[in-house]
Amino acid sequence: MEALSLLQWLIDGLIGIGLLWLAWRALFCPELFKAIVLFIAFGLLMTLAWVRLKAPDVALAEVAIGAGLTGALLLSSWAKLRGFDANKGMGAREKNSEQAEQKTKRPFFHGLYAIPLLLMAVGLGYGVLQLTPYATGLSAVVAENLDASGVSNPVTAVLLNFRAYDTLLEIAVLLLALIGIWSLGIRPSVREATPDPVLDLLTRFLTPLLLLVSAYLLWVGAHAPGGAFQAGSVLGAAGVLLILAGWRLPLSLAGLPLRITLVAGVSTFIVVAVLTMLGGAQLLAFPPSQASLIIFVLEITATLSIAAILAALFLGSRPDHSEKI
Amino acid sequence: MSIAILYALVGIGLFCLGVYALMIHAHLLRKILALNIMGSGVFMVLLALAGRTEITPDPVPAAMVITGIVVAVSATALALALMLKINAITGRAELNDAEEK
Amino acid sequence: MGDFLLTIPWAVVLILLPLVGAIACFLWPKKVNQLGLITLGGVFLSVVGLGAWLLENGVYHHAVGGWNAPLGIQLYADGLSLVMLGITALVGVAVSVYATAYFDRSQSERFWPLWLFLLTALNALFLSADIFNLYVTLELLGLSAVALVALGGGKAALNGAMRYLLASLLGSLLFLFGVALLYHTYGSLDLAMLSEQVESTPTVWMALGLMSAGLLLKTALFPLHFWLPPAHASAFSPISALLSALVVKASFYLLLRLWLEIFWPISGSVAGLFGVLGVMAILWGSLQALRQTRVKMLVAYSTVAQIGYLFLAFPLAMGAGVTAWNAVIYLAISHALAKAAMFMAAGNLLRFGGHDRIADLDQLAQRLPLTIAAFALAGVSFIGLPPSGGFIGKWLLLEAALMQGRWDLAVVMVLGGILAAMYIFKVLGYAFTEASKPSKVKTVPVRMEWAALLLASGAILLGFLAPLILPLLAIGTPFDAFSGNEEIMP
Amino acid sequence: METFYLALVFFLLLNLGAGMWRVLQGPTAADRMMAAQLFGTTSVAVLLLLGQVEGDSALHDVALVFALLAAVTAVAFVRRAWSEPEKEHDSK
């Protein structure tokens, strides 16, 4: 038993140190590309940390969104940065700007920043250590009301019933980010994807698999880790894969049909909210007998919208404009 | 000290590293990475401290962290798009104070 | 009929209606102006409805999802939220009308959804009583504000937007860290529950520090104001108006709520620090405003200075309680009206002459009398001359300062007024003189001139409305909890 | 048995350190990306083992998504970041 607990400590210690080290290297190594790869690795290790903290729901979300999509977004943005440079005939631009970055570093001033931050870290650590050894969380209250929530996975119950209003606003944040990006009016990258037989094969194989896993996560979310966000981001990853393979949304679908898909998630929430209030109940109060059906409907549309929004975030420009140029 | 506290302290470390990097780096991609790592640190504190229990961990922080991760990816996407736009116009992915005057 | 209207949950309408409007504008970009104006009208009426409800029944509570705290999220409205919602709706309507004339077709297609998202976030923030939910609304607010600044599209606007985004995200994460510590100390996210339990422990102090730092950064209190002038000055004028008048106030409102409802019992003494920063903000902001050569930059720095006044209330509240809080809310709402009017007037100048260089204003007083009148009236409120709303606010604040013998603060307030007069007259002076090189001019739509003038008149009118508005603030007064502690404070 | 699994997890985590060395050393971008992929593969193994130890089948789902998403990241790298294989040597 002694060995077991020692091993647990060793594993957690290794993950903790690994996280700090990866974060440090990702933030301070001189090359940008290396930093991004290290950041992706950081996200993967984060997933292990969530698992160790007994939060598989969060681990799923982290691996799909945090490591997967954010990583793809960062890589793609990095490539576009270089692309801009190359277009201007400044192939060595990045090197230059990085050297400039090194030059502007003034260790003395940076040391001045480090001191208060170190103090802050010590202070925060002290604050955390002062907490009571046992959490006064809400697990008991959640467990008590779980039966009335319509699902048996407590995290899904919190996200889609007890605190469904947060989730409504959160999907609104996603949609807003996309609208904000579209309103920047970025021109789509001119470089067309060259066909690649290996990639085609991979896409043909992976896309159905991603669809299947997404559907599975959506279904399993009611009673085990999973749910709309995880399912949506896996589905979104399928979209990213298709975009990378050179597939484009047909123009006939890129207008209103796409926009309707993007807003479906938040709109369903609003419709449900209005219906519950017309029934005389509170905002987003689901009658226990119908709660699981309502949550299922909310999750399906949320999954579709989240997937569409994430894929569109990756594309980074309006698809209905991309064909014109 | 328990494993919960260990991870909470790691979270604090990540947060402070992120703040430091956010302040000293000029390149916007680094700043965006720094914000993401700061965010991970906060999420880790939020979730780790829920592990101070013998029974099943508190689901509310887990739900909050999932919400936080989604918000973070939204913000990251917007920030990256903004960075690309700045780079397209000025040729540099950095904040440029001289331009604002 | 009246009874039926009182049964409508206006608070929920205030959150959902602008969200529906934003989605509708996104789906049907051809009809944005109509859809947007209808939404704004609806929001305005809902605020009136909520006001009627509050006058009838007192404080409004709504347990979202039918789950009470600590499990669910609570919506909450009292006089303070009502006044903030009201000022948001008022400025919102004026800016919207202004925007229909200001933006061309493609710009308004991009402006409206973002602005309605911003309005959703503001309303949701003023109505929420759950600290994690507040974090989500803060992010919604920050991202929509940044996207609006970036609409400007130029180098300056994009730079300003990026800096704003970084500051805003940093602020949100600091806030979230504080939320995490509070949740793990007390096992609740509900403001009311937290306020009952809070005590002075290192962890709570840490949470207070983090949340306040995040909100101060978002409110742009000196010395955390670095992001504000570039963002506010480089955005399109109606957007600058929204940001300076409303967005900055939202995080200030939150700071006020947190201090009044959670932290007040434990932390009266730290409030002195806010006072010092407030004083420095007034002096530094005013001096910087005086140095600017462009109208919008000047107006943006004036925001930095005016924010300083809001923080003077913190040290004064210890002895002067309700007077100080009334003063600060009065200052906040009259600043909202006047500053929105001033940015709109600056937008008119830009449209008219194609530039906003102060030295080349070229007899605008004769050529754009309504706009210059709006600018002057708004200025009257900043200087604090009677009978403006700014005067009432400053008067109450002076009274609070003198009551406690805080002569130093009183002197700064007067000095701030004089400096404000100097920068306002700097602009007005050039507006009466002829410039050396005349520039080509464009006509300014009548709507834009009147929107600015009406809002500026509103800021003056607020001075007369004090007997109506101050009682509203007393609905479920959040200041009660604090006056109860007055005796305990040294 | 549990001890054995955990020891295995520990060993695999140490392996990740070796992978990290490759990410840092490069020398080509592809080397770094491959190392990150190895990171993913090892993590999948760690997840499966932890799932066994804790008796939580949900971890199998995490491992599954992990493996799938790693493929997507790899494709993103190949398509977007690795367009000019010859010029890619960022010798440092």
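The letters A, B, C and D name the chains in turn, as written, and every chain counts its residues from 1.
By definition in this document, contacts are C-beta pairs under 8 Å (C-beta built on N, C-alpha and C of every residue); 3 or more make two chains touch, one makes a residue touch a chain.
Keep in mind that this is a model prediction, so the values were computed, not measured.
Note on connectivity: the fewest chain-to-chain touch steps from subunit A to subunit D number 1.
Per-pair tallies of C-beta contacts place A-B first. With centres defined as mean CA coordinates, subunit C is found 27 Å away from subunit B. Averaging C-alpha coordinates per chain places the centre of subunit A 31 Å away from that of subunit C. If you average the Cα atoms of subunit A and of subunit B, the two centres end up 12 Å apart.
Centre to centre, using the average C-alpha position, subunit C and subunit D are separated by 48 Å. Under the contact definition stated at the top, the residues of subunit A that touch 2 or more other chains are 8, 52, 54, 78, 80, 124, 128, 131-132, 135, 137-138, 142, 163, 166, 170, 173, 176-177, 180, 184.
Multi-chain contact residues, meaning those touching two or more other chains, occur in subunit C at positions 132, 136, 139, 143, 146-147, 150, 177, 181, 183-184.
Subunit D has no residue in contact with two or more other chains. Pairwise chain contacts present here: A-B, A-C, A-D, B-C [touch as defined].
On subunit A, the positions that touch subunit C within their shared complex are 123-124, 126-128, 130-132, 135-138, 141-142, 145, 161-166, 169-170, 172-173, 175-177, 179-180, 182-185, 256, 259-260, 262-263, 266-267, 270, 273-274, 277, 281-286. Against subunit A, the residues of subunit C that register as touching in their complex are 9, 12, 16, 19-20, 23, 26-27, 62-67, 70-73, 75, 110, 113-114, 117, 120, 124, 132-133, 136-137, 139-140, 143-144, 146-147, 150-151, 153, 177, 181, 183-188, 201-203, 205-207. Taken together, the subunit C residues at the contact with subunit B in this complex read 132, 136, 139, 143, 146-147, 150, 154-156, 158-163, 165-166, 169-170, 173, 176-177, 179-181, 183-184, 230, 234.
Remark: subunit B residues 2-10, 12-21, 23-27, 29-30, 32-34, 36-37, 40, 43-45, 47-53, 55-67, 69-78, 80-85, 87-88, 91-94 touch subunit A in the complex. Touching subunit D in their complex are the following residues of subunit A: 3-4, 7-8, 10-11, 14-15, 18, 21-22, 25, 29-31, 33-34, 37-38, 40-41, 44-45, 47-48, 51-52, 54, 56, 59-60, 63-64, 67-68, 71-72, 75-76, 78-80, 91, 191, 193, 199, 202, 206, 209-210, 213, 216-217, 220, 224-226, 230, 234, 237, 240-241, 244-245.
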